Amino acid sequence: MMLHLLNRSPQFDGLYWDLSEAFGADDHLLLIEDACYAALPAAAASLAAFGGRVSVLSEDAESRGLLGRLSDDVALVDMAGFVALTATFPHSLSWF
Amino acid sequence: MMLHLLNRSPQFDGLYWDLSEAFGADDHLLLIEDACYAALPAAAASLAAFGGRVSVLSEDAESRGLLGRLSDDVALVDMAGFVALTATFPHSLSWF
Amino acid sequence: MQDDEAALAADTPIAPLDLLVILRHPPHGSSWLREGVDVALVAAAFGQSVGLLFQGDGVFALVEGQRAGPLGQKGTHAQLAMLEMYDIERLWVSASALRARGLTPADLMLPVQLLEADALERLVHAQPHTLLF
Amino acid sequence: MQDDEAALAADTPIAPLDLLVILRHPPHGSSWLREGVDVALVAAAFGQSVGLLFQGDGVFALVEGQRAGPLGQKGTHAQLAMLEMYDIERLWVSASALRARGLTPADLMLPVQLLEADALERLVHAQPHTLLF
Amino acid sequence: MLSYALLVHAAPYSEQGALSALRFAQAAVAQGHRVSSVFFYRDGVHNASTLMAPPQDEVHLAEGWRALAQEHGTELLVCIAASLRRGLMNAEEGVRHGREAHNLEPPFVLTGLGQLVDAMQANDRVITFAP
Amino acid sequence: MLSYALLVHAAPYSEQGALSALRFAQAAVAQGHRVSSVFFYRDGVHNASTLMAPPQDEVHLAEGWRALAQEHGTELLVCIAASLRRGLMNAEEGVRHGREAHNLEPPFVLTGLGQLVDAMQANDRVITFAP
């Protein structure tokens, strides 16, 4: 069980591909910083490999004006939830 | 007539796309730094929009071990040739 | 918010400006956009005619409803709201960049002119000075 | 140069190491790769078992025939040539990354083990500590 | 209650990563976790500069890190090799390199990559913040 | 013979862009062109640091820029707003900000973005080097 942190926009699709190669069935993906844009419905293809096991950091989505625009299957977590995810998952890996 | 400078690998395909939107019929593209990898035959699709009007900086290709591996339709220029290109073209634009 | 949503027609002439700034980076995640707009504002304050072209993730800078981030990260929306005060009124957006991100001009905080690739190429080639951020 | 070009079979067990370093950035254009390998070398010098996984543009670090750049930019090939001296002998390469770049193990300066996506996932999940550069 | 080490590669003000790391550290200690150490590497070393002078209406990152160290005992470890080439040095290195100035002071400490290796072993979690 | 201004966004040692810019400048003057000014912006400001201490077998970028200024009269302009937040200041700014040290000295000069605008008008070519 692994938590993957991602901070780049879907423009970096080579990065999303590399992450998908390492992503396991029990893993979770947290979108932070510019990766929030991957949670827009138009970017759904960039998250297809992660099968709904995706959250987005609410404060980063909010500052970007994205609240209310996000895909339904991406969960919102606040900074406390970010910390909680890192506590729940024994390992974290940051992709950038 | 414009000289476009590009320094990122073909992984940044959004960048190559944006450049292609701005690229004109009399323009030229010079690949420097990690953009040298775009001159590999396997990356030919990333240069398709630039119709053979592409050069690569030889010292950057050489340090990366790419001499002898490059596409035939990409010209090699040395650093003096880089300067000469910027002198020939009245405008230069760097993409990164 | 739009006074002109139409794409630039193929035969519309494009007047050269003193400076065109191309903005390709998304806001908030880095300071590229902010420091690019700073150059535009300073050039305008020096009396130059300045235009902005939003390409790639740069179009996200125009999304309506942005705010300062936690810890007071300022973002760029407040800066962009000042453009008119600096007489920077020519704002162009790559139509393909907007489409690819599922956005329309109605999602944007400022009126812009959409450019298809042909017009975008003509715009860039009409300018004596262009910087990209 | 290869002692084992075969992809890792689906049932091959993967032993955990003390540290796995994933290298995704190309050499020369930035110092990501060099500073990532530095971490691997220091961990190995401290007696840890260390493996390297090359993904994405990181596979370019292994291309044979690299040399120092102008102005003495060192690159990473000399560093990689020292791996064996530090007992870093487990070098994995994403098979898809290599294929996408038109490279084969014969183009590489060191013997590596190719990993298809399934095996790559198992490798990453078998490690207690992984850093990415 | 877990112990965390953070690894910060992101330059201050150029990218959000340094701010994200500071936010994360503050949230972690607020939840009762311990942030034992922050290791600054690559352009992240600039977070330690005593000469950082951001506009008054922006976060002062170096101050934020110092407050974390003072209030929660977090070690602020800065890679010495990454620092020297990028222009960060403490008083001792300033003397060694014949400079009249320095721009790194406690609680930031110049140290080697071995400390990063140690921090990975000694903590329950290692979280990386990058540009 | 043309006059050039260079715009450098790339941090020293982290990315190749700063080296590329220096190489280009040297090649341009070798061909008889004039490199009137180099403007350092964003993380490129770190090229100006007096505290840069790279390993002896690596290029010393700040030295390279200083040599260019001394031998060819190139102005080395460093954006003041970009510098202060990132921890670069000259003696005057050091005093103004109550610091005991500074890490930027002539021939590097702290200046505003207006000088970049001027340099674009005053030179035949402007070439950007980025990370």
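Per-chain numbering from 1; labels A, B, C, D, E and F assigned in written order.
The definition used in the following text is that a contact is a pair of C-beta atoms (placed from the backbone, for glycine too) under 8 Å apart; a residue touches a chain by one contact, two chains touch by 3 or more.
For clarity, every value in this text was computed on a predicted model and none was experimentally measured.
Note on connectivity: the fewest steps through touching chains from subunit C to subunit D is 2. In this assembly, the chain whose C-alpha centre lies farthest from subunit A is F. Top contact pair of chains, counted by C-beta pairs, is E-F. Chain centres here are means of the Cα atoms, and by that rule the chain farthest away from subunit B is E. Counting the residue numbers used at the interface between subunit A and subunit B, over half appear in both copies, so the two copies meet with largely the same residues. Mean C-alpha positions place subunit D and subunit E at a centre distance of 28 Å.
Measuring from the averaged C-alpha position of subunit A to that of subunit F gives a distance of 38 Å. For the pair subunit A and subunit B, the distance between mean C-alpha positions equals 33 Å. Within subunit F, contacts with two or more other chains are made by residues 13-14, 16, 23, 42, 58, 126, 128, 131.
Looking at subunit A, one finds that residues 7, 11, 14-15, 33-34, 59-60, 79, 93-94, 96 touch two or more other chains. Residues of subunit D in contact with two or more other chains: 28-31, 56-57, 69-70, 73, 132.
Those chain pairs judged to touch are A-B, A-C, A-D, A-E, B-C, B-D, B-F, C-E, C-F, D-E, D-F, E-F.
Within the complex, the subunit C residues that touch subunit F are 19, 31-32, 35, 38-39, 42-43, 45-46, 48, 129, 131-132.
The touching residues of subunit E, counted against subunit D in their complex, run 7, 41-42, 81-82, 112-114, 116-117, 120-121, 126, 128. Across the interface of their complex, subunit B is touched by residues 2, 4, 9, 16-17, 20, 23-24, 27-28, 30-31, 33, 125-131 of subunit F.
Contact residues on subunit E toward subunit F in their complex (touch as defined above): 11-14, 42-43, 46, 49-55, 58, 84-89, 93-94, 97, 99-103.
Residues of subunit D touching subunit A in their complex: 22, 24, 55-57, 94, 96-97, 117, 120-121, 124-125, 127-128, 130, 132.
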